[in-house]
């Protein structure tokens, strides 16, 4: 019973829910601010993402007459709840060790594509040509970036499992404690290709340039999100913000979970700073310095680079 | 609570542009206003959006040709309330240099309720910015809150 | 990519180039073509501006004791044709570009000038008083002409005066009217 | 492949990537466009009919609103055609003033098209950078002529505004600022891997097709055809000025952008030469006699050749005024360029001909 309440608290307040959302929205504001600076602009105030969501909540909800009503409404709710649950599984090194101790890496692997699936569901439900094009693109992108992700997670699990002698370690808590004892995996030469692959995975899964193909404003008018507006769009945005936290937090937990000291607030701040640095390198700067790939180019890019890099790590782990 | 939300909401006006048969002048100036660093509307929380469903402030350019009329009306209907309509350039306001042409529909304010006019041929980006600021004021009025 | 990263880095170092407007001052050159104004002392109601205005933004209405020139700013396309072709230079484009207004005041966006006629000093018919600047230009080489007097004459009386002055004629009406008064 | 289903996808008439309302109905198979059907007429404002109801002074302003990106080319060609019909000769200084206005607009127009290409490939930073550089040109137009788009530089008989010494110095200063920036932009567009990946070899228009379709302007020059009215039939002051016709042989979207950017250098040099060689004197000639006459004139607009025809009937309202715009010729080439292209590339290819819908549909 107590466990259940605790789990719900973890999903709603820390590290999922409120905390994840606050961090993610703050990151989003910083991201927009930095992008603005890079483009010689002032940029929005730091509170802007909150204002955007507040605005969307005050707008009326329009549901297209041709849309499948239930699926249309369910999709953003699914994206939001999926990510809120997923965020509870992200360990904050030195503060919180994740929701369970058993195979939570696999749970994350299952939960991560939920926003993408929800987006596809919403796109299919809204019965709009642009949304359907967005749907097929989203699907292709998901296929493209899920493959390297699976291999990266496998490489990490196998490396840790091999060293600790359990075969493959799918518990994030154990992976963290292994790293605490033996140094971060990001510094492990064998894991370097996997880390680079993860960094390339990030813009794809977050749908930012050069991989913002499903939502390409200039090609398919925001694609799956075309028919969404008002509170439902706000839910999508919250879901996407939570996802930012999840993927960044996962990246830090997998590769650089090192802590500074035993005092938890310091560790918490250190974790946020690391997430931010990861975002800066993989999302903000890349977004500012590139355009958008065509869907086929993006697909082959993912097959050629991150998948191969992750495979190299996997093979090296296997061999060594 | 909803009052607070309303107050916060006007600080995030998203712009949507409808070209109702303009000569490009106003459109280029709109793109300039909305997207380039020099005028940076993101300072005011504005964003240029691709879908009418996301829009709050709709900027209409061009003298509403007969062929575009129904499309403009349909798009305008797709924008969720509350919305503020801004007519940019003299064409949507009065027909401008194209007045009396056989292929123009009525002036825009006979078709849909217009809130702000920004005349000019084309108006300079700073004037369009003034229009957006004015649109924000009207939005607040529509939500029933006064400036404070 | 490296080429463009250089640009981005330079952008960061140079800082934002955003114009502070509407929170601060903005770039606005003097020669900008803004709101049209009519100088009521110069407009003679000839209608040239109406003739050359593409947008039909200018309207001149004549009545018995004057004329009214109206420029509809919501139709004006700022092409400056009226300014270019105005024979007296009565129409100018100011540098005031602040044009945004609410729908409620849409029909108040006009520039209107009432030009009242005054009776001709010679014959008493209502006549457009000539702009002083125009008179001074017309009679530039003639110091004996009183511009203030001439501008209050109707064209016919002015022709008379010119003829009388040029050929040193006896004024046909002046003595008669003078006699009447006496 | 039998059994693959195609579906139709509407593009436009109101679409973010398209600056103007135009309606493509794409028959799409997966992500490949199999058939393009174009519905036009959304921007038809009945301008030729209007032009026959307005007098020659009003028309100078009216034709400038055919399209604001090449506005000056229209008023320029219109002024020329009226002058031809009225058998007028314009002052020498006006010829140079017209070239300055035309080349200023050309640079701004080319930069805008280039920027929009970056916008369509989702390269926002580059788009902003190019637009920011274009602002220098916009400021120049605003300072010299008083408006950022419709500069109203031409009137029948000459130029509306003179450019005095102070303004000449200002122009030279702005050109000094913009030149290195354009060089940098050209380098970025030529070498940036993302731009290269998306645009190189895209929208191919082989030389034979280009000749058969009669394309004009940068589209023709991007396919290696030396075609430039300014050289072929010099008008205004172009006969006395030195410049090169820029061509590229890539026949693709990338080459067209390169042609545009390299043409900007020629334009910069033309403006400098004009300021250098401009004689003193009047800027407007008195109006000629209105007779029953007809005349033609053609100029090189940023998008290619603009052609005007006028027939006068002795009054100051033309009996017929007709124009053919460059985009009209270039539209047809889209069917060749878009053959089996990707949905994502439709807007990009359309943009590569620098389409001017409001010109074409007037």
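Should a chain be cited, it is by its letter among A, B, C and D, assigned in written order, with residues numbered from 1 in that chain.
Keep in mind that, in the parts below, a contact is a pair of C-beta atoms (placed from the backbone, for glycine too) under 8 Å apart; a residue touches a chain by one contact, two chains touch by 3 or more.
Predicted model only: the values in this text are computed from it and were never measured.
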{"item": "B-C or A-C, whichever has more C-beta pairs in contact", "value": "B-C"}
{"item": "Centre distance in Å when chain B and chain C are each reduced to the mean of their C-alpha atoms", "value": "33"}
{"item": "Centre-of-Cα separation between chain C and chain A, whole angstrom", "value": "65"}
{"item": "Whole-Å separation of chain centres (CA-atom averages), chain A against chain B", "value": "35"}
{"item": "Distance between chain centroids, defined by C-alpha means - chain B, chain D (Å)", "value": "27"}
{"item": "Residues of chain B touching at least two other chains", "value": "37-38, 40, 43, 50, 96-97, 100, 121, 124"}
{"item": "For chain A, residues contacting two or more additional chains", "value": "36, 38-43, 217-218, 221, 288-290"}
{"item": "Junction residues of chain D, two or more chains touched", "value": "16, 61-62, 65, 119, 124-126, 128-129, 132, 142, 147, 150, 194"}
{"item": "Chain-level touch network, classified as line, ring, star, complete or other", "value": "complete"}
{"item": "For the chain A and chain D complex, residues of the former touching the latter", "value": "35, 38-41, 129-130, 132-133, 136-137, 209-210, 212-213, 216-221, 288-297"}
{"item": "Of all residues in chain B, those that touch chain A in their complex", "value": "2, 5-6, 8-14, 37, 40, 42-43, 45, 47, 49-51, 53-54, 56, 78, 80-82, 143"}
{"item": "Complex contact set, residues of chain C against chain D", "value": "1, 3-4, 7-8, 11, 17, 27, 29, 31-33, 51-55, 77-81, 84-85, 93"}
{"item": "Contact footprint of chain C on chain B as seen in their complex", "value": "37-40, 43, 90, 93-97, 99-100, 109, 113-121, 123-124, 126-131, 133-134, 138"}
{"item": "Interfacial residue positions of chain D with respect to chain A in the complex", "value": "7-10, 15-17, 28, 30-31, 118-126, 128-129, 132, 194-195, 197-198, 342-345, 347"}
